[in-house]
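Below, chain A partners chain B and then partners chain C, in two separate complexes.
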Partner chain A sequence: MLAYLGRRLLWSLFTVWAVVTLTFFIYNVLPEDPARVIAGPQARPADVARIRTQLGLDQPVHVRYGRYMSNLVRPPPETKDDAVWKLGPVRIDLGVSYLKRKPVTQLLAKALPPTLLVGFLALVIEVAIGAAAGVLAAMKRHGVLDYGTVGLTLVGISAPTFLTGLLLQHFFARELKLFPLDGYGQTSAEQLHSAFLPALTLGLYGAAYYTRLVRDEMITLLKEDYIRTARAKGQREWLVIVRHALRNALMPLVTVVGLSMGGLVGGAIVTEKIFRWPGIGSLSVDAIVERDGPVIMGVVILFSTVVVAANFLVDLSYAVLDPRIRKR
Partner chain B sequence: MLDPRAFRRFQKNRGAVFGAGLVVLLVLFAVIGPMVSGHDPNLSDFTGGRDPSGSIAGPGGRHLLGVDPLLRDSFSRLAHGARISLLVAFFATTLSIVVGAAVGLASGYAEGTRAQSLDTVLMRAVDVGLSFPYLLLVMAIGAAVGETTIVTILMVLGLTSWFGTARIIRSKTIQVRHLDFIMASRALGQSTPAILLRHILPNVAGPLIVIASASVAQMIIAESVLSYLQVGLPPPTATWGRMLLEGQRFYTVAPRLVLAPGVLIFLAVLGFNLLGEGLRDALDPHED
Partner chain C sequence: MRSIRTKIELLAALAALGCSTGVAPPIGENRDGPPQRGGVLRTAFFTDVRGLDAATAFDTAASAIESLVYDGLVTYDDAGKLVPQVAERIDVSPDGKRYSFPLRRGVSFHDGAELTAADVKRSIERALHVKTPCPVPSYYERIVGFSAYHDGKADDLTGVKLDGDYQITIELTEPDATFLHIMALPIVAPVCKSAGKVWERTFASKPCGAGPFKVTRYENGQIIKLVRHDGYWDKGKPYLDGIDWFLSMQSFTQRFKFEQGDLDYIRELSEADSLLYRTTPAWRGRGAWEPSLTTGGAFMNTEMAPFDNRHVRRAVSYAIDREQLASVRPGHVRAHAKMVPNVLIAPEPGYPQQTFDYARALEEMRLGGYPYDPKTGQGGYPKEIPYLAILDSYAQTAAEIYQQQLAKIGIRLKIQVVGWPTFLAKTSRRKTAQMGFAGWHADFPDASTFFEPILATKSIQDEESQNAAFFSNRQLDDVLDRARRSTDEAERKRLYREAEDIVVQEAPWATSYTYSYLELWQPYLHGYRPHPVLSQHVRHAWIDGGQKKVAARGCSRGLRALDRFTCPERGAGRSTLALAGGPR
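Let's turn to the complex of A and B:
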């Protein structure tokens, strides 16, 4: 068990390292001069050269890579404490944004809460709608409700988030004026209020996937012997569903929640753009448009760590929940 | 390779037939649309582009679906957008399927043999690939390459999306590999590439076709997302995502500018998703 976990942890670390390295090289060997971007199109060549030296961009790419990686876990002593993340003895330093002139860790820390707020609300919406609709459809198999639900999930999966987002924004914010059009808000109440529409946009998309999974899982499970036993005991149908079937249906769904992290990331970029939400998605779009290398690297490191950690936790939960894997 | 019964099952599935119909209509729109529109998609019509009150011409009359705020013919732009969407989606999917199938076949065939290390390396690469924030990577490459063309977009999309395919094909290959006829052809001295191509590939073709259809839908969304975020094809090229973005500011006065590209993206994705599900049910019937 411990050996298995240790191996998985090592592979997770390796995966993050590989992602970071690949991103660094992809970004740095492409024909793009950050110094030129910072200095502006009108800058004199001497200024561009000076900025290039300042940022160390005149060094060969492997030297820059070595410096980036060593700074990452061992920041130079002159780095201020508020510019790094402390994880126990390790200090994570992601460098300084070219354009915003602020430590990347600070930018990420500022953008993270809004994204987490929307992501969490979206997950709640996704699981609530998905579980309810999936169970109902599975119970009324081949009925109008079932076909209706399956049809709706197809619509949900096919509707791009920017279309649903714009329509929700138009209907609920512009017409009904129930929610703010976009932006973040000052107080927590305002923030929660304005988080609802972006969360609904993401949540509806996720709910469509989730509903189908719950439905398929429930259909398989409802054929099991122990369900028949429970029914034969004369247990009420909803108790059979909730206590015996749904509980078991939830286990594979752990995986999906873990895996959907990646999907949420992609959806978040678009949703945050529509609702002008100051989260990680907006930060990364800005960084890419502005060619802000350190910020792009920071976002990639953050995202891949989250995805890898989520996968690791999913495996871990399986190992804990499923005795067959524990033995390996 | 394909069972005639599968075709009959497909025909009986109303959703699948509807999806196939949508796809056919879309292809027709992309092929014929630009020819029959009679307007250049990037040319502003200063004489006929305004209605008598001076605002941009709505649907009907000289421009079938009206013009956009730059007085360009909407129908023509939508049809050109369909061309780009389908071209990118089709070629990116082909690329992704070819790479994914090759890696999956090699990895699945090597699994548990002397060439186990090949399987390990390939699957670790897939793990890494699946941990990439894929949209972000696509955007970063797209932005850094500078001049974005159809080719760069479809290369980037195709080369960053084969990881899932490789995993599925690998597990199918492992299932097929132990069947008797594979053993027989190996005993007869057939070479490994021949076995892979002639015997295993046809047996994993079903899942591949299904993945391809779903992948086209994903690629259509991905291309429009890139355009919507302004890291796709640069203007004035007409793409659905870009049209949606440009129409957004005019939503209150001319909702059609957002709805037309939005609904087209939706229908295209729906069509390929329905087609994919129909193919899955037809090729891989599960007993109820």
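Let's turn to the complex of A and C:
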């Protein structure tokens, strides 16, 4: 078991390193000059050259890579540099944003909570709508409700988030004035209120997908012998649905929800821009557009670490559940 | 009975709108009244503001806010003329190499400290220090001692001298007609002592200057909140209590918020929304076009075939129908056929400009050795020419129009659409890009900025050349040098006319258009006009509180549901500014 865990841990570390290295070299071999972007399109060549020197961009790529990696994770001694994030005995230094001139660790720390808030709300919305609509459609199979639901899910899956976002913004914020048009708010209540439309934008896409999943699963389950038995025993229909069918139908949903976390982040990139939501999505878009290397690297490191950590935990759970894996 | 009820409803509606009740003066017609103090102006940027350190932030968005937070030695008056700001006056030596600035007494920074000559020197040195990531220090290279100081070989900038506590003198290595313009940039504006002698990145998020507003909240991508600096030296100003400047706000959201009265001034409407406002009767005449300090067109690389051939370049410049370019985005894009925008030098009859002349274009192709027969489509330049355009910009649209227009003289363009960083990388490398979008925005409002950085021989480099046409012309270089050194305005105008003529004859650029923004502001916002030089210059704006309340009441009573565009209009009978004229 320990050997297995050790192997998985090493493999996870290697994966993060590979992603970081690949991103670093892709970013650095592009024929684009961050110094020129920083200085502005009209900056004089001498000024661009000086900025390049200040940022160390005049060094060969392998030297920059070595410097970046050696700064990335370093042991004590203690430092007062606010660009450094202390994680127990380890210091993580993601550098300073070229354009905002703020430590990347600070930018990520500030952007992460809004993204998590919207992501969590979106998850709740998509699972709630998906489960309810899927069950109803399965119960009324071949009826108007079923066809209507299936039709709507097709629209939901096909509509890009920027379109859904704009429509929701138009009706709920502009016309009905139920929610703010955009922004984050200052108090927790304001933030929760402001998070609803971006979360709904993200959630509707997932909801459409989950509706279909639950509907199909329920249709299959409702034909099972144990459902027929439950009905034959005279149980009420809603009890049969909720207690016997839905519980089993949710199993694949839980699996897919776990896998779709990456998709939520991808959708957030567009949604956050529409709603001026100060999360990782907005940060990523700005960084990519402005070729802000340290921020791009920071976001990549953050997400690759999260994904790899999640996979590691899944592997771990397999090992716990399956004795054959433990013995490998 | 029915008609009486209708009349009562109508009167009630009019009363609610304050149209004829005398509750408030007609909206938009109180511009000559005394300014009112108070109120918070709300506006927005499409982009984020990266930072507000005067020494490093030089983009349009940051500059607009910096002009409110920092006062410089000099600035521009409402007509765009250079005038002293924290300086009391400007004394220039007869040889044009020495500028003295006696300072106003009693100017205070936002932290309460008095602004002295030492602060001015410290701020200039801080901006030009070797460790400061200032984007444009080379603008100041003619200050005595610049090189030694900027290279870190000297501890102070010897050309900047203190004459007591309230006077500063700056010496130049040679006369420079643009010097006062670069001193008007926020880059060298005095900053509080908390900024230190050497740049530190933390100052960008807590800026402190001597301008009329101070920053109380700054959140990237969200908002910059400004409040009035009560110790401002110009007593009684500013009129506004504060300004809320929202950041990273989408164009359509800006429009929605403007309609709802949640924004008081907007500038970044989409093309469609701009057209909507211009064609909606209730909004006709409200707002104005921002004066354009931009020249757009196409560069031709004079070191690469076929544009190493002067006749081919001239053929291109004659083949472009600039009115057609303007017609696809009426109002925002205007035909323009010279380097310097008309705001800076208005062309009198006979002024050298490129022209559309199809017959002449064909003749130039023949002279260039590539005759083209439009009837048969035979001839012309035999190869496709790659044309670099920038993604999602008017440059992309213009490229498609150029492609059609130049095909008529036998030049076939293959458009390559790239992102801005790639565009910069390719066009600045020698013998890499044959042709592409050319655009320039005034670094400062002087004609020199439209020639020296982009068409002078000294701006050519193998890498990072700003002269994308790699155009080298000794006569032009000489004219530009003389114009920069001259302090005689008439002489300078004559020299720049000469420079324009060289561009017409040599055609390294096919100048084609200018691009301008439509600015709209609510009828209760007064004291604002587009400034000829400074973008979004809301420094002297004021809000009529009474009118604003009336406007809000009108909106809330459902008028918007009938016609949202009539909401801000109530009571106003006449236009305030004509939109029909287009940008200057």
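To be clear about the criterion, the second predicted complex is superposed on the first by the 271 of 328 C-alpha atoms of A that agree within 3 Å, B and C clash if a C-alpha of one lies under 4 Å from a C-alpha of the other, contacts with A are read in each partner's own complex, and residues count from 1 in each chain.
By definition in this document, a residue touches a chain if its C-beta (ideal position, glycine included) is under 8 Å from a C-beta of that chain, and two chains touch if they have at least 3 such contacts.
Everything numeric in this text was worked out from a predicted model, so none of it was measured.
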- State whether chain B and chain C clash or fit side by side on chain A once the two structures are superposed. clash
- Task: Report for A:L166: first if it touches chain B alone, second if chain C alone, otherwise both or neither.
- Result: both
- After superposition on the shared chain, which partner residues are touched by A:M139: those of chain B (first), chain C (second), both, or neither? neither
- Partner chain in contact with A:K273 - chain B first, chain C second, else both or neither: both
- Classify the contacts of A:S284 with the two partner chains as first (chain B alone), second (chain C alone), both, or neither. first
- With the two structures laid over each other on chain A, which partner does A:L99 touch: chain B (first), chain C (second), both, or neither? second
- Message: Under the stated touch criterion, which partner chain does A:L222 make contact with: chain B (first), chain C (second), both, or neither?
- Response: neither
- Task: Classify the contacts of A:I157 with the two partner chains as first (chain B alone), second (chain C alone), both, or neither.
- Result: first
- Query: With the two structures laid over each other on chain A, which partner does A:L117 touch: chain B (first), chain C (second), both, or neither?
  - Reply: neither
- Message: Looking at A:R174 after the superposition, I want to know if it touches chain B, chain C, both of them or none. Which is it: first, second, both, neither?
- Response: both
- After superposition on chain A, the chain A residues reached by both chain B and chain C are 30-32, 166, 170, 174, 273, 291
- Quick one: in the complex, what on chain C touches chain A? 48, 50-51, 53, 56, 58-59, 131, 133-139, 201, 204-205, 219-222, 246, 248-250, 252-253, 256-257, 260, 262, 419-422, 424-426, 428, 440-441, 443, 453, 459, 461, 464-466
- Item | Complex contacts: residues of chain A adjacent to chain B | 11, 14-16, 18-19, 22-23, 26-27, 30-32, 151, 154-155, 157-160, 162-163, 166-167, 170, 174, 262, 265-266, 269-270, 273, 284-285, 288-289, 291, 296, 299-300, 303-304, 307-308, 311
- chain A residues touching chain C - in the complex, by the definition given at the top: 30-34, 36-51, 54, 96, 99-102, 107, 166, 169-170, 173-174, 181-184, 273-274, 276, 278, 282-283, 286, 291
- Note on the structure: Contacts from chain B onto chain A in the complex sit at residues 15, 124, 127-128, 130-137, 139-141, 143-146, 217, 221, 224-225, 228-231, 241, 244, 248, 251-252, 258, 262-263, 265-266, 269-270, 273-274, 277
